[in-house]
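One chain, chain A, links the two complexes that follow: it is found with chain B in the first and with chain C in the second.
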Partner chain A sequence: MKTNSIVFGIFAIALPVVAYLLPALGLNEYYLYVSYIVLQYVVLATAWNVLGGYAGYVNFGTGAFFGVGAYAALFLMLAFQAPLTVQIAGAAITGALLGVGVGLLTLRLKGIFFSIATIAVAIVIETFILNWRFVGGAAGMQVIRPPVPLGFETYTRLLLVVMMILAVISLAVARYIQNSWLGRGLQALRDAEVAAECSGVPTLRLKLIACALSGGLMAMAGSTLPLYSSFIEPHSAFSLNYSVMALSMAVIGGMSRWWGPAIGAIVIAASQQFAVSASPEKHLLIVGLSLIIFVVVAPSGLVGSIQWLRKWLSPAASTGRQSERLGKP
Partner chain B sequence: MISLDLVFEAIVFGVLVGCFYGALSLGLSISFGLLDVPHIAHAAFLVLAAYMVFLLGTYGFDPLVAGLIIILPFFIFGVLVYRLYYEAFEKRGADAGVRGIAFFFGIAFIVQVFLSMTFGLDQRTATATYIGNSFAIGEMRLPWRLIVALLVAVGATLILKLYLSNTLQGRAIRAVAQDAWALRIVGINPVLTKQWAFGLATAVAAIGGTLLIIVSPVEPSLDRIYIGRTFCVVVLAGLGSVTGALVAGIILGVIESLVLTMFGASWAPAVAYGLLLLVLGIRPQGLFGR
Partner chain C sequence: MTAFLHVRDVTKTFFGFTALSNVSLNVTSGERLGLIGPNGSGKTTLINCISGVLQFDTGEIEFEGSAISKMPPYQRAKRGVARTFQIPKPFHSMSVAENLMVPLEYIVHGLIDVSNEDSVYKEASEILARVRLDDRRHAHPGDLSQVELRKLELARAIAARPKLLICDEAMAGLAMKEVNEILDILLELNGAGITIIMIEHIMQAVMRFSQRIVCLSAGQIICDDLPEKVMANAEVRRAYLGS
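Up next is the complex of A and B:
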């Protein structure tokens, strides 16, 4: 476990550096764009899994948190000319507060009622933004970007590094949760909420913490949208597609491991970007079909398939993984 | 200040639109209300049915006739969907949980993408003599399409209500939600009962979809709005209450229509969701809940 943490730490530092050096390798801007989108979905799917995978609460409001993050950042930019770091922090705090709000509102709601309530929250917030003139209302708003900070040639390059850092942060959070009392508590409340409550698991507090972390991370993913696309408009910022994608990526990647949603995000988002020239709708259809196929045939997702494959290839090593599965240090 | 006439007109329209909402929610009040299936795809099925009516319309079928034609195919479609759901989830364990919801979410998404691939993103309408015309009572003009929706809604609700409370099969459907094991003891197969009931719910959704395209133009992503409205109606009515759905639909319709008149159209979509959150928070068992 200890060596694992060191390896994770090395990757956590190395990946943003790699993202910074990518343009020097002569990759053209299109690949940087693709990498940015993939990383954005890594954040969203990982954040979704904190609530959906660990706690078993299906959030259909990913788009709401993403959009709230984007608009919080836009508001800070318009009202105070806040720098990017403040925008990201502000978005994360807003998202976390919204998460706590959703958690409190849906205190006793389970299963599908929780899911419907999250769609409700998404629609209600989108309606407010649609009617809020200061941030552009329904027509949207052209964002005037300040000059690119030193050391970066374009915004794409800067935001790629930023998004890589956000992805590393969300993976670290998910990894920490899974390996700590938080993750065990959430699993307990997913499998039997009443039993968990009876054995002293503070289910309400855990649920609120999970909602706050998940919401904060999703809003962070949205916070760079105004600067990135330089045009922002409610329907695309609050799009249901973010919800569909985050859910599909987590389910297809595998919800039982912190790295599962990231795998799903990389596979699906990358294939999406390269399928755009062919037909984006066909890609969406394939995502939907794979979602159903995975849910029915391989409920543990790609993670499960990988583990199964490893076990199949080396039967001797299976005892070692057994202890890992039980979460022993 | 808004004049009294305008408020009165808003209430009359609200009642008409509300009956329409009740009709859209009938299928869901069976599939989700009685069978406890997390049927997120109900609204997508409505839109699918609306497009099928549109398709038959291009061959010259009247929307209502087309609605009758698609009932049987939708019944079979519903049976197949439930069979898949049963084999994949209910058979294996009691609670499908996250994956059951993801399953129906996936189906809804596929339907939406399929529709936009086949029919494009343009709005589609049906044509008939009762669409577009209205008849006048004094100052007010009531569109025929809403009156057609009202008649179908009331008729379908009554038939369904009688079926569920007076026939053996209908009673079995109501019983299977409460105690599947007891049903087995009296010699009725609960799985077949649920399968039949889900088929029925989908057939009723086909009627709802027919009304959908009669009342307003449809587009592939329309289901997002109607997920909220239909679930709002079913939850407000109380799970499984068929006549309650009509009352709840009217309540939603009237509130929505008043908000529309006073604050403008851009706030209307939030009404159903706001009301739903309110009901879930204050009285989760609904008005006529079991």
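Up next is the complex of A and C:
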């Protein structure tokens, strides 16, 4: 486990550096744009999995948290000319607080009722932003970007590095949860909530922590949107697409491991970007079909398939989480 | 022997239906209490109120001298109230041993990390040995037989180091040999100082196990006495045994 942490740490430092050096390879700016979108979905899918995968509460409000993050950043920019780091932190805090608030209101609902409530929350928040003139209301707002800081040539390049850092942060959070008391408690309450509570797990508190972390990370993913697209309007910022995509990526990637949703995000978001020029409708059809296929045939997603493959290649390899951590068969 | 569980005038209604009506019950430390009654008489509702799974309307429950009525289940579990479920509720995505790690982490040790992981795992194996399930510690609940699932329920409850263990039909659907196996385990646990309340329909098991029997009928305690006297009680026979 310790060596794993060191490997993770090396990657955590190396990946943003790679993102910084990527333009030097002479890549077309379009590929940087694609990478940014893919990483944005890595954050969203990983964040979704904290509540949806670990705790088993299917959230359809990803778009709401993403949009709130974007508008929190915009607000800080307009009202205080806040720098990007402050915008990101502010968005994350707003998202986390919203997560706790929404959690308190909705977590007593279970299953499909919880999911429906999260859609309702998304609509309420979008309506609020639609009527808030200061941030542009329904018409949206053109964002006047300050000069690119820190010697980056374009905002795309800067924000690619930023989004890579955010992706690493969200993966680190998900990885920590999975391997800690929090992950064990969430897994227990997902399997049997009453039994978990009777085994000493403070289920409501754990679910609120999951909501806060998940919401904070989702809002973080949205915080760079105003600077990135230089135009923001509620309908696209709060799009239900974010919710559907984050969910699909986590399911297809696999919800039982911290890296599953990231794999799903990379596969789906990358293929989507390359399919956009050909036929976005067909891509949506493919995503929908693969979602159904995975749910029916491989409910543990690509993670499960990879583990199955590993096991098939070397039958002695361990599978269980506990046995992995303890080095026991 | 000091009285340590007081249930005082507990009433619980579900949308107008009275499931428990002014139920009062005292349990002393170290006791083995059998709780019987026909289906729908409120046995499970009563232990749901004691373990905190259900909030009741009026009344008071005290455990070891302090009121626990307003506490959420996890706090009661930490104070020493453990229970099993009539329909086993294992954590199905975890192995048998991992199931025990949940109460071991959240109640007993506070935190499991690299420093104590191996010793806690060993502790889980020892608890599994007490219920004769240690050979299945790597199995997943989906692969367990009915009796093994019941044992897992028990083991997970014991892992919380309870002072009071409430078993909700831990033997339902088991063959007589398996019933006796579970009974032996329960008697052993009681011998180690754990107070046990057992809900059971299998009369042989109840009679062998209990020092005292409480019979519920339509949400009221109709008899609370020594096993032989409860069996001889005309009202109990009419309500429960139908003769």
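Things to note:
One rule holds for everything that comes next: the second predicted complex is superposed on the first by the 318 of 329 C-alpha atoms of A that agree within 3 Å, B and C clash if a C-alpha of one lies under 4 Å from a C-alpha of the other, contacts with A are read in each partner's own complex, and residues count from 1 in each chain.
As a convention for this text, a contact is a pair of C-beta atoms (placed from the backbone, for glycine too) under 8 Å apart; a residue touches a chain by one contact, two chains touch by 3 or more.
All values reported here derive from a predicted model rather than from experimental measurement.
The partner that reaches more residues of chain A, of the two candidates chain B and chain C, is B. By the touch criterion stated above, A:Leu313 is placed in contact with neither chain B nor chain C. In the overlay built on the shared chain, the residue A:Ser199 is in contact with chain C alone; chain B does not reach it. In the superposition on chain A, contact is made by A:Gln187 with chain C only, not with chain B.
In the superposed pair of complexes, A:Ile292 makes contact with chain B only, with no contact to chain C. Of the two partner chains placed by the overlay, neither chain B nor chain C lies in contact with A:Leu150.
Look at A:Ile13: by the touch rule set out above, it reaches neither chain B nor chain C.
Once the two complexes are overlaid on the shared chain, A:Ala138 sits against chain B while remaining clear of chain C.
Judged by the document's definition of touching, chain A residues 190 lie at the interface with chain B and also at the interface with chain C.
For chain A in complex with chain C, the touching residues are 1-2, 181, 184-185, 187-188, 190-192, 194-204, 256, 320-323, 325-326, 328-329.
On chain C, the positions that touch chain A within their shared complex are 51-53, 72-74, 77-78, 82-83, 85, 89-95, 97-98, 101-103, 105-107, 111-112, 114, 117-118, 121, 138, 156, 159-160.
The touching residues of chain A, when paired with chain B in their complex, are 52-53, 56, 58, 60, 105-106, 108-109, 111-113, 115-117, 119-121, 123-124, 127-128, 130-131, 138, 190, 240, 244, 247-248, 251, 255, 281-282, 284-285, 287-289, 291-292, 295-296, 299. The residues of chain B lying in touch with chain A in their complex are 32, 38, 40, 84, 88, 97-99, 101-103, 105-107, 109-110, 113-114, 116-117, 221, 224, 227-228, 231, 235, 266-267, 269-270, 273-274, 276-277, 280-281, 284.
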